[in-house]
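Each of the next two complexes has chain A plus one more chain, namely chain B in the first and chain C in the second.
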Partner chain A sequence: MVEPVLDIRNLTVVFDTPAGTLHAVNDLSYTLMPGETLGIVGESGSGKSVHVLTMLGLLPCPPARIVSGEVLFRGRDLLALSERELCDIRGAEIGMVFQDPMSSLNPVLTIGRQLREVIQRHAGLDHAQASARAVELLGLVGIPDPAARLAQYPHQLSGGMRQRVMIAIGLACDPTLLIADEATTALDVTVQAQVIDLIRDLKNRLGTTIIWITHDMGVVAELADTIQVMYAGRIMERGPIAPVFHQPRSAYSWSLLRSLPSMARHRRLYQIPGSPPNMIHPPPGDPFAPRNPFATPRCHRDVPPLRQVADSVPGHQVAAWYDLPAAVAAHPEIADA
Partner chain B sequence: MGRFLARRTGESLFTIWGVVTTVFFITRVLGDPATLFVPVGATDAQIAALNHSFGLDLPLWRQYLHYLAHVVRGDFGRSFVFGRPAIDVVMERLPATALLAATAMALGCVLGCTSGAIAAMRKGSLGELVIMTVALLGQATPVFWLGLMLILWFAVDLHWLPAGGYGRPANLVLPAVTLAVFVAAAIARLTRSSILDILREDHVRTARAKGLYPATVFFWHIARNALVPVTTMVGLLGGELLGGSVVTETVFGWPGMGRLTVQAIESLDFPVIQAAVFVAATLVVLINLAVDLLYQALDPRIRAQ
Partner chain C sequence: MTRFCSTLLHSRAGLAGFVLLAVFVAGAALAPWLHLPDPTAIGLRTRLSPPDWIGFHPLGTDPLGRDVLSRLAFGGRTTLAVALTAVVLGAVLGTAIGIIAGFLGGGIDRVLMRVVDIQLAFPLMMLALLVVAVLGPSIGNVIVVLAVTSWNRYARIIRAQVLSLREREFVLSARAIGASSPWIMVHHILPNVATPALVVATLELARIIVMIAALSFLGLGVQPPDPDWGQMLAEGRLYISSAWWVVTFPGLAIVLTVLGVNLFGDWLRDYLDPKTRSNR
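Showing the complex of A and B:
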């Protein structure tokens, strides 16, 4: 049997704030198989970024606090490692690409220095070898004239080029897992499309396992094998792209999909009523229940577990007490609204 | 780069001309030096003769042109008091001032940067509270009082160090520490806030996500960026110190430019005042130029503009 690259078990992360304890990630569990591309979608505050920053030890603790859970990366619990051991994994076995490449690159250091330092740190190459590898990486991510770029500073590159540099840094040490956190959010659409093509191409060539965090369903549809919809620090629905997009089982993913503009249907975009829950005082049951037109009394009372939707669609899981297709059929007025 | 240097050199010359002109006219309203040099009861003729020998009997505009023509050649005239070229009198005092300024600056930078960095990296700790309290006190304490207190403790009570004088390394300790406290306090506060700003930036998270050693992250991705505003502060303070720290030099009897300038003002020694102000202004301008160049080396975004 193939071992998962990442196996997150019952991860719970809170922030201790002056106003109270903020429940950022709640009992999160999922696995990621080698070569899989997982797209995690959710709005701000859904815990999608927090849980990856937590497992890499990149969140300041305090205010963040890991209450419980394990994050097994190739069998080792990342949460049990010392900062020193985590340092050896970060950048080497797990590469990260952040949002907004302008602020995520150091403005006063050259591109070459920022690439070389990660290569030299983990691969033990000397300056010349690291430079050669840096040129190779910049070529790999499609930057023209890569050798000349080494001496340039981030402000001398365009947004798209900067994001390619970020990706090159993430890939510098041939990581097993690449995590991209809103990596295309700050880019305009055409550049975004180029970056997505690049990632798809790299994925096919290098076989890297990828976690792609975004709030853009469209990006996930183009890039991911598996989609995981998160809300209020929980997984609402998870599964292969096609079934989740075509037959969503969670009212939250259904709402998100209905709020996407479509070329085929000319109608008003769906607007999810209400606002994201206050995570200091989260609702008792299903966190989406207060905004869910199909919510049952039980939704307001008990937290639904993540369960298999049907044996016919392996891997499609949902956390819901209601049966969405039946509920939509019973309330056509909501579905058509 | 060449254009930048040319522009900055032009600006610097203009600044120095402005200072030289201002000090010329200000000294003229200070008073009549001849009255200080002639014995009580001297005749008008004697005073007029003295004024003539100083060149003070000419119309003001002619004095000014004459003065400018000589300043360009580095000639500020002979000191009324010392009877030697004023610029020589000033330049003789420069090494003492430079030594004191450099020592205080070095000490203040090391102390200020280290304690500021510790305060920022240990934000919320008792250490931060102690450092920031001491820094605030250091900035609020008048230099003359601190100097006197240091003399009282280390010279009068403990007999560890001389209370004043010049020539031996021991003489340097108390005045340098006095000035360094002020410098360190200012730098520590700025370093702390500057590092705290940088810590919030995304690129620090990127550096940590690369698995770089904490020391690499600190020196290359935090301190390196935080240094930019600190450099400006060091330049400003450096200019201030090189102009001569009047109070410290007076308290410790340090034969520097600051004390010389005060003495020259008291005795209305116009040429020395003018020469001293000229030298101080030039030093400040040069330091600013150096800071500008350093700034460009530290932050490539400024180079681009």
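Showing the complex of A and C:
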């Protein structure tokens, strides 16, 4: 059996705020297989960024506090490692690309210096070798005339180019896992498409395992093998792209998909009623229940566990007390609203 | 280096500042080889002789008959050397403390900033006078005193910069590639605060030159018979109505050096900023 690259078990993270304890990530568990591309979607505050920052030890504690759980990366618990050991993993075995390419590069250092930094830090190459590797990486991410770019500063590059540089930095040491946190959100749509093409191409060539965090369902559909829909620090639904998109089983993913504009169906866009729950006082049951038109009394009472969907492909899991296809069929007026 | 020269030649103010500084630094540095009269040689028969541009005393002589030009050149040696050392000491200390306080925050930050507050509440000249009076006037003490009165300005400004810098995403991405806090402070934060530190340093250099002059003027700086600009001012002030050259030339030397430092510093800041760099 193949070892998973990442195995997150019962991760719970809270923030101690003056207003009370904020439950950011609640009992989160999932595994990621080698070569898999996982797309994590969810709105702001769903815990999607917080849980990756937690596993890399990048979350300031306090105010954050890891209540329980373990994050096994190739068999090692990242949460139990010292800061020093984590430093050796970050950038080398786990690469990370952040949202805003405008601010994630240091404005006063050249592109070359920032690329060499990670290469020299982890690969132990000398200056000339690191420069050669930097040129190679910039070529890999499709930057024209890479050798000349090394001497340039971030402000001399366009947003798309900078994000390519960030991806090059993320991939510099051939990481096992690449985490992209909203990596295409700050880019305009054409550049977004180029970056997605680039990632797909790199994934096929290098076989890197990828976690792609976004709130854009379209990007996930383009890129991921598996989609994981998160809400209020929990997984609402998870599974291979096709079944989740074609027949979602969670009312939340169903609502998200219905709020996407469609070329085929001409109807009003669906609007999810209400707003995300206050995570200092989360609802007792299914966190989405207050906004869910199909919610059953039990939804308001008990938290549903994440279970395999009986009549779908293996790996398609949902956390819901209701049976969504049946509920939609029973209430066509909601579905057509 | 060629880029340095070509951009400098295009900036009138920067070039003027550089030339002014170069004249005074060169004059001070090369003083022993300029075949000047002995700056400490007293000549009572030639006391207070007016400037004689082509003669033996081009800028005249002081009340003891010592050559003003020679004293200006030798005095520049001490003034500039003391000022530069004090500025470098203060800048290094203040920048390091500012980065540490701003980046690490918490208790370290609170303690360091209270020290700054206490010192800012204390009149600088008082402090300088007190220290020099207690430890005795010597060049080493003057340097230490000036550095001590100077570091808190860097610390304050740099800390404020670092507070906003450390929240920037590039710090997080540096962590994400495995950089440790000390590494980030040196390799990511320091280059970002180098420009403001340099701006403060030019202002401080000017202020410190004036402070040295003031200390010497009060007799707590460089001790006679060693020449110093401030001390020359002090000695010449009695003769301002009868022998204007004795105070005018050291006064001019101070004004022009400070002006040169400010003009050149201003240009240097633009030169070092990567945003303006690439446009050239």
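In the analysis below, the second predicted complex is superposed on the first by the 335 of 337 C-alpha atoms of A that agree within 3 Å, B and C clash if a C-alpha of one lies under 4 Å from a C-alpha of the other, contacts with A are read in each partner's own complex, and residues count from 1 in each chain.
Convention: contacts are C-beta pairs under 8 Å (C-beta built on N, C-alpha and C of every residue); 3 or more make two chains touch, one makes a residue touch a chain.
All values derive from a computational prediction rather than experimental measurement.
Q: Mind checking chain B and chain C on superposed chain A, clash or fit?
A: By the criteria stated at the top, chain C and chain B clash after superposition.
Q: Which of the two partners, first being chain B and second being chain C, lies in contact with A:R121: first, second, both, or neither?
A: Touch partners of A:R121: chain B and chain C.
Q: A:D100 contacts which: chain B (first), chain C (second), both, neither?
A: Once the two structures are laid over each other on A, A:D100 reaches both partners.
Q: Touch check for A:D88: first (chain B), second (chain C), both, or neither?
A: In the superposition, A:D88 touches chain B and chain C alike.
Q: For A:Y153, is the partner it touches chain B (first), chain C (second), both, or none of the two (neither)?
A: In the superposition, A:Y153 touches chain B and chain C alike.
Q: After superposition on the shared chain, which partner residues are touched by A:V108: those of chain B (first), chain C (second), both, or neither?
A: Both partners.
Q: Do any residues of chain A touch both chain B and chain C, and if so, which are they?
A: 56, 58, 83, 86-92, 96, 98-100, 103-109, 117-118, 121-122, 153, 155-156, 166, 169
Q: Which stretch or stretches of chain A touch chain B in the complex?
A: 56, 58, 83, 86-92, 96, 98-100, 103-109, 117-118, 121-122, 153, 155-156, 166, 169
Q: Would you mind writing out the residues of chain C in touch with chain A in their complex?
A: Listed in rising order, the residues of chain C that touch chain A are 168-170, 172-180, 187-188, 191-192, 194-195, 274-275, 277-278.
Q: Residues of chain A touching chain C in their complex?
A: Counting only chain A, the residues touching chain C are 56, 58, 83-84, 86-92, 95-96, 98-100, 103-109, 117-118, 121-122, 152-153, 155-156, 166, 169, 172.
Q: Applying the document's contact rule, which stretches of chain B touch chain A when the two form their complex?
A: 201-203, 205-214, 216, 220-221, 224-225, 228, 298-301, 304
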